[in-house]
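So, here come the structures, one by one.
After this come two complexes, each holding chain A, first together with chain B and then together with chain C.
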Partner chain A sequence: MTRSTTSQTMAIGHMLQVSGRVILSLPFAYAGTVILLIAAYFMRPALLSPFLLLLIARQAAPLGVAVLGQSLCMRVLSIDLSIGGVVVGVSYILTSGLLPFPDPVLLLIAIVFGIAVGLLNAFFITRLRASSVMVTLAVTLIITGIAVAFSQLRSPGDAPQILRDLVRIKIGIVPLALLIWVALLIPIALFLRKSVFGRYIDAIGANPRAAWVSGIPYVRVVTVVHVMSSLFAVLSGFLLIGFVGVGSMDLGRDLALNSLAAVILGGVTFGQGKGGVFGPTVAALMLTFSFNLLTSLGLGEPAKLMMQGLVIGVAAAAYSVQRKT
Partner chain B sequence: MFELIQKSRRSGLSLIVLALPITLFILLCLSSSTFTRFENLANVNSQIAALLIASLGQGLVAISGGIDLSVGAVMGLTSAILVTVDPALAVPLALAVGVVVGLVNGFGVTLFNVHPLVMSLATMTVVQGMALAVHPIPGGTVPAFLRTMAVSRFAGMPAAFFWCVGAIVFAWFLLNLSRFGLRTYAVGANPISAGRNGIAVIRHKVLCFVLCSLSAVIAGIFLSARVGAGDATMGASYSLDTVTAMALGGVQLAGGTGSVLGVVAGVLTLGLISNGMNLMGISPFLRAALTGVLLLAAIGFQRRETIGA
Partner chain C sequence: MISFDKVTKRFGSNLALCEISFDCAAGSVHAVTGENGAGKSTLMNLLAGIFPADGGEIRLRGEPIAPERPSEARRLGISTIFQELTLLPNLTIAENLFLGREPMRGAMVNRRLMQERAREIMARLGSSLDVDTYCGDISLADQHLVEIAKGVSVDADVYIFDEPTAALNAPEVEKLGALLESLKAAGKLVFYVSHRLDEIFRFCDRVSVLKDGRHVETRATLSLTRDELVSLMVGRVLSQFFPARPTPAESAPVELGVRDLQVVEAGPKVSLALRAGEIVGLAGLEGQGQRSIIRALAGLHPSMAGEVTKNVAGEMKLLKLSVVETVMAGIGFVPEDRKTEGLYLPLSINQNIALGMLPRLSIWKIAPTGRNLIADLMLRMNVRSTSAGQEVGQLSGGNQQKVMIGRWLAAGINVLLLEEPTRGVDVGAKTEIYGLLRDFAHRGGAVLVVSSELLELLGLCDRILVVRQNEIVAELEGAGTSEEEVMQYALTGHAKHSQASPCLN
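Then we have the complex of A and B:
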């Protein structure tokens, strides 16, 4: 073998190594999406039509919006599992007719409700230093318990007309719900990249102790993040209620777990405080697409649950191992 | 703000932990004439037996510094297995599943360094999916011998009483009289110094998770046998109920602090509240909400060093 071919093979080997490292350092969601699309091409090519893809993207919008909040929480080493509870609460406020107000006022009440839940979560997490998982699970238990108990007295009715219209309108061929998602996504990504607040989030995620010692307004940042997460959950609830058309106590039940899975898949590692906004967004699309693929293959709820769990477990384990080495 | 928080004694028992169930008991005695009847007390005992067995396992994991949210899903899978598999194989298979789930949780937390909450949330979801795949619609019949073991009476006492006593004695022996217990406290309080003192920390933590899953399997066996049918979602509320009971009993989620007596007190508190609300005819959904409030209150009092998960 001549010297030049050796150096060539070495160069190619190096390139492969570098590209391998780049792919490994990217969020799993990117590679996962490609794999899923290829799988769909061979198994269910019909899913890849632009019309269906847009529908799936529209369907992913509520999850995508919720994921924005979840990813912020996880970047400051917290978790918000109350997203599902917030959606149930919003659904009951908007559709039960218990509160005799016109729709816009109800929407406003739902938003205030979201802020209140976020503040409650944040109070327990930052001031009383309780575990965020336990706090947000307990809050979910409280909200759904009360909502379901009340729904037996007064069952939920139709969704507000504004919301039903909101999700049905299309601009060109693009659904409005999808545009709303993108319209939230881009400013938030820019804001987090450019603002001091975004830097604070990164600092807390990278090393909470150092962030605390260097005087970053830790408590305030975590509080704002939790309030934002609950607000995103409210918006996600608006979209979901619009899709379904009627209120339901089952709405958003798996939103919390799915958002967690999407955030982990999207490269925000729990306990590492790294990651952006786009990884989790792609992961939300990927998860929704995979659920559609599973359904089209005739696999139902159990398969979906097993996949969610596997994704969370395997992705979390893989990232942790990567960090160690 | 990050200085170590002064921990109380190792047991975590305080006056309020013990006073809560006693006060509730007295209040219920005074407010309801049916409460003190033997049938109702036997009923309370049967209602809390499964929670007690699962909570003791949860307590073990918590003292060793972890947490296991997959308890409820394991109970559901156990129930699904009991009514679908050949009666002779059902119990061994369920126990084997418990061991596997415990191993997965334990290795995920120790070797792969995943946060126990995230890890057990993942296994919870997978196991729940498996349970629904095995037995999608509630129903079926539990093997007859299990049914007899769960609902018959012996020497005037309901069978549940003996399940509870057995579980308490075993857990108490494990934590207070064996080397295993001493190591569990050591690992939970400070895994690094425990490791330097010659304790196989990883093996010990994995063992705690396995024991927790096994206790969930036993709780699932008891509950399915008592109900007499299989239900894959039977344990759904148990994951959080066990954590609530444990937190009410003074077991610190940060690890190293807790006691069997505390867990029993916490389970009694939850059980008496449920029974009391039942006797007063309050909606079971509001009961779930109250569990949430209690959980918030209990963990609100457990100040930790860190903010976040």
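Then we have the complex of A and C:
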């Protein structure tokens, strides 16, 4: 073998090695999406028609919006399991008719409700140093409990017309819901990249103790993060209610868990924002697509549950391994 | 009993120990001394099985040994009393003493016997603490005493005391002396790691001096004078090591004024003033309140009373002592533990330094990248790295320290508070850091340093304030004082009756 071919094979080997490393360092959602699309191509090619893909993307919008908030929480070493509770609360406020106001006022009340939940979460987490898992889980249970209690009195009814229209409108062939989602993404990604707020999120995620010692306004940043997360959950609720057309106590039940899975698949782990905003977004699409694929294969709900569990379990294990090294 | 033969240890590219060779005899107390970072603890950690040596041999009674973990060292008959506390706060003193080797009766712990033996051990140290007290409830000095008791209660041939007196008060140091005597009489070998001259001369038979990871000399303490020992430890002219002190400017404005600051409930009141252009040191024995004072100024330690004022554009403004406020007012704090409190290890050098530029900005604003400023700073501070994008966690201790200081330089602050500015930093980087601090002062900044390395304070500071029991007991000229004088104040709170203070430099 001549010297040049050796160096050539070595160069190719090196390239493979480098590209392998790059793929591994990318969020799993990217590779996962490709794998799923290939699988669908062989098993259910019908899913790949542009019409269905757009429909699936639209279906992914509520999850995608909620994921934005969840990823922010996880980047500052917090978590938001109250997303589901917020959606239930929003659904009850908007559809029960208990509050005798016109729709725009109800939407406003729902937004204020979201801010209040975010502030409550943040208060317990930052001031009382309570575990974010416990606090947000408790908040979800309390809100759901209250909503269920009230629903004895007056059950949820039809969704406001404005929301039903919102999700039905298409611009060209693209659903408006999808456009809203995408329109949120870019400014948020830019804001996180360029702003003082984004820098602080990275710092708190990397070392909260150092952030405190060096005078970073920890309480303010984490409070803003939780309020944002709740507001995203409210918007997510608007979209969901629009899709379904009627309020329900089951709405958004697995949103918190799915958003958690999507954030992790999207390359954001506790305290690390490597996947940015786009990793979790792709993961939201990937998860929604995979649920559709599973349903079309006749595996439905059980497989979906198993997959959610698997994603979260594997991610947690990967995270602790990463921590130790 | 123990021989070191060309023992070598590296940490990454850093040579921590280089061909150390000396012997130690049974029935003696053998001091291992040297400046911080000289390699004393590293050498003892090899013996204690914390990490293995990279070269050379350690022999126990002629047999080569290489303990790979602490339990193995203990089995070989080597017991270590660590500098850091290893006690579990939610267990009692007795439970801590016998952790992992509880006296058993069948499958159950024999509590009565355990308490009895624990009482015996504590009595040997002259302590009357109730052995059923939880370790989390006793004072720091008592915890150290229990730590010592724990090490001594193990039946071993070799005992390692790593800076045992750091947190002890004078009467407990006395008891420790008696304990060392009894171990010696029982034919044990005791390693006594310390840089306190007093204790070395009082307790130890022989002393090995290390410097920058090399063995300088092993001598009988009786054949040495204090001055000889100090020059063996320092081994170089101090003035080469530290930047020159400028002649003090008489009329420099006060940058930070502290009046009647109280850092412990009903404790003494501290007043001091930091002027532009000067470096002031807080000296004293460990745990005397220097840390609380500097942390109170940084807004990290609660202060009971007192007022702190900061020069803002020529006017002294009253300062609220919270971290966010002090940083906003232009005061930067460099903590001792850079890994847990100072740096963002997974973030890049760039990100770490750039965070310093943000405090005065609203969180909704666009953050400046400050690329040029950071590049300038890195050049000025001589940060050795592959690029500004390198993770800070991969840098050496000295370069990490520079990044931490650099963050505050980027912030444009003019008062710098530092805790142990050169802990775990190699000698070359130390000199550079001293230069940086002097340069900062020269540009009109004011620096307050807490350090347990007295030689560092003596070489670096314009003024030294000696702290004893949360009180400033003396103010000394850095250039005109000596280790002895500072120690005298630190130990007793007042000057020696016959004033004779030979200068170090």
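Here is the rule we use: the second predicted complex is superposed on the first by the 312 of 325 C-alpha atoms of A that agree within 3 Å, B and C clash if a C-alpha of one lies under 4 Å from a C-alpha of the other, contacts with A are read in each partner's own complex, and residues count from 1 in each chain.
The working rule: a contact is a pair of C-beta atoms (placed from the backbone, for glycine too) under 8 Å apart; a residue touches a chain by one contact, two chains touch by 3 or more.
Note that the coordinates shown come from a computational prediction; the quantities given were computed from them, not determined experimentally.
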Aligned on chain A, chain B and chain C: do they clash or fit? fit
A:257 in the overlay: touching chain B, chain C, both, or neither? Say first, second, both or neither. first
Is A:79 in contact with chain B, with chain C, with both, or with neither (first, second, both, neither)? first
Look at the residues of chain A and decide whether chain B or chain C touches more of them. B
Contact-wise, after the overlay, does A:140 reach chain B, chain C, both or neither (first, second, both, neither)? first
Based on the superposed arrangement, let me know which partner A:197 touches: chain B (first), chain C (second), both, or neither? second
Mind working out whether A:209 is in touch with chain B, chain C, both or neither, as first, second, both or neither? both
Just to be sure I read the superposition right, which of the two partners does A:305 touch: chain B = first, chain C = second, or both, or neither? first
Chain A-centred angle between chain C and chain B, computed on Cα centres after superposition, in steps of 10 °: 70
Smallest distance from any CA atom of chain C to any CA atom of chain B, in Å, after fitting: 5
If I apply the document's touch criterion, which positions on chain A are contacted by chain B in one structure and by chain C in the other? 209, 212
Mind listing the chain A positions that touch chain B in their complex? 76-79, 124-126, 128-135, 137-146, 148-149, 152, 208-209, 212, 218-219, 222, 257, 260, 264, 270-271, 301-310, 312-313, 316-317, 320-321, 323-324
Spell out the part of chain B that touches chain A in their complex, as residue ranges. 1-2, 104, 108, 112-115, 117-119, 121-133, 136, 240, 243, 247, 253, 283, 285-293, 295-296, 299-309
Please output the residues of chain C touching chain A within their complex, sorted ascending. 298-300, 323-324, 326-328, 333, 335, 340-347, 351, 354-356, 358-359, 361-367, 407
For the complex, which residues does chain A have touching chain C? 194-200, 202-203, 206-207, 209-217, 220-221, 224, 272
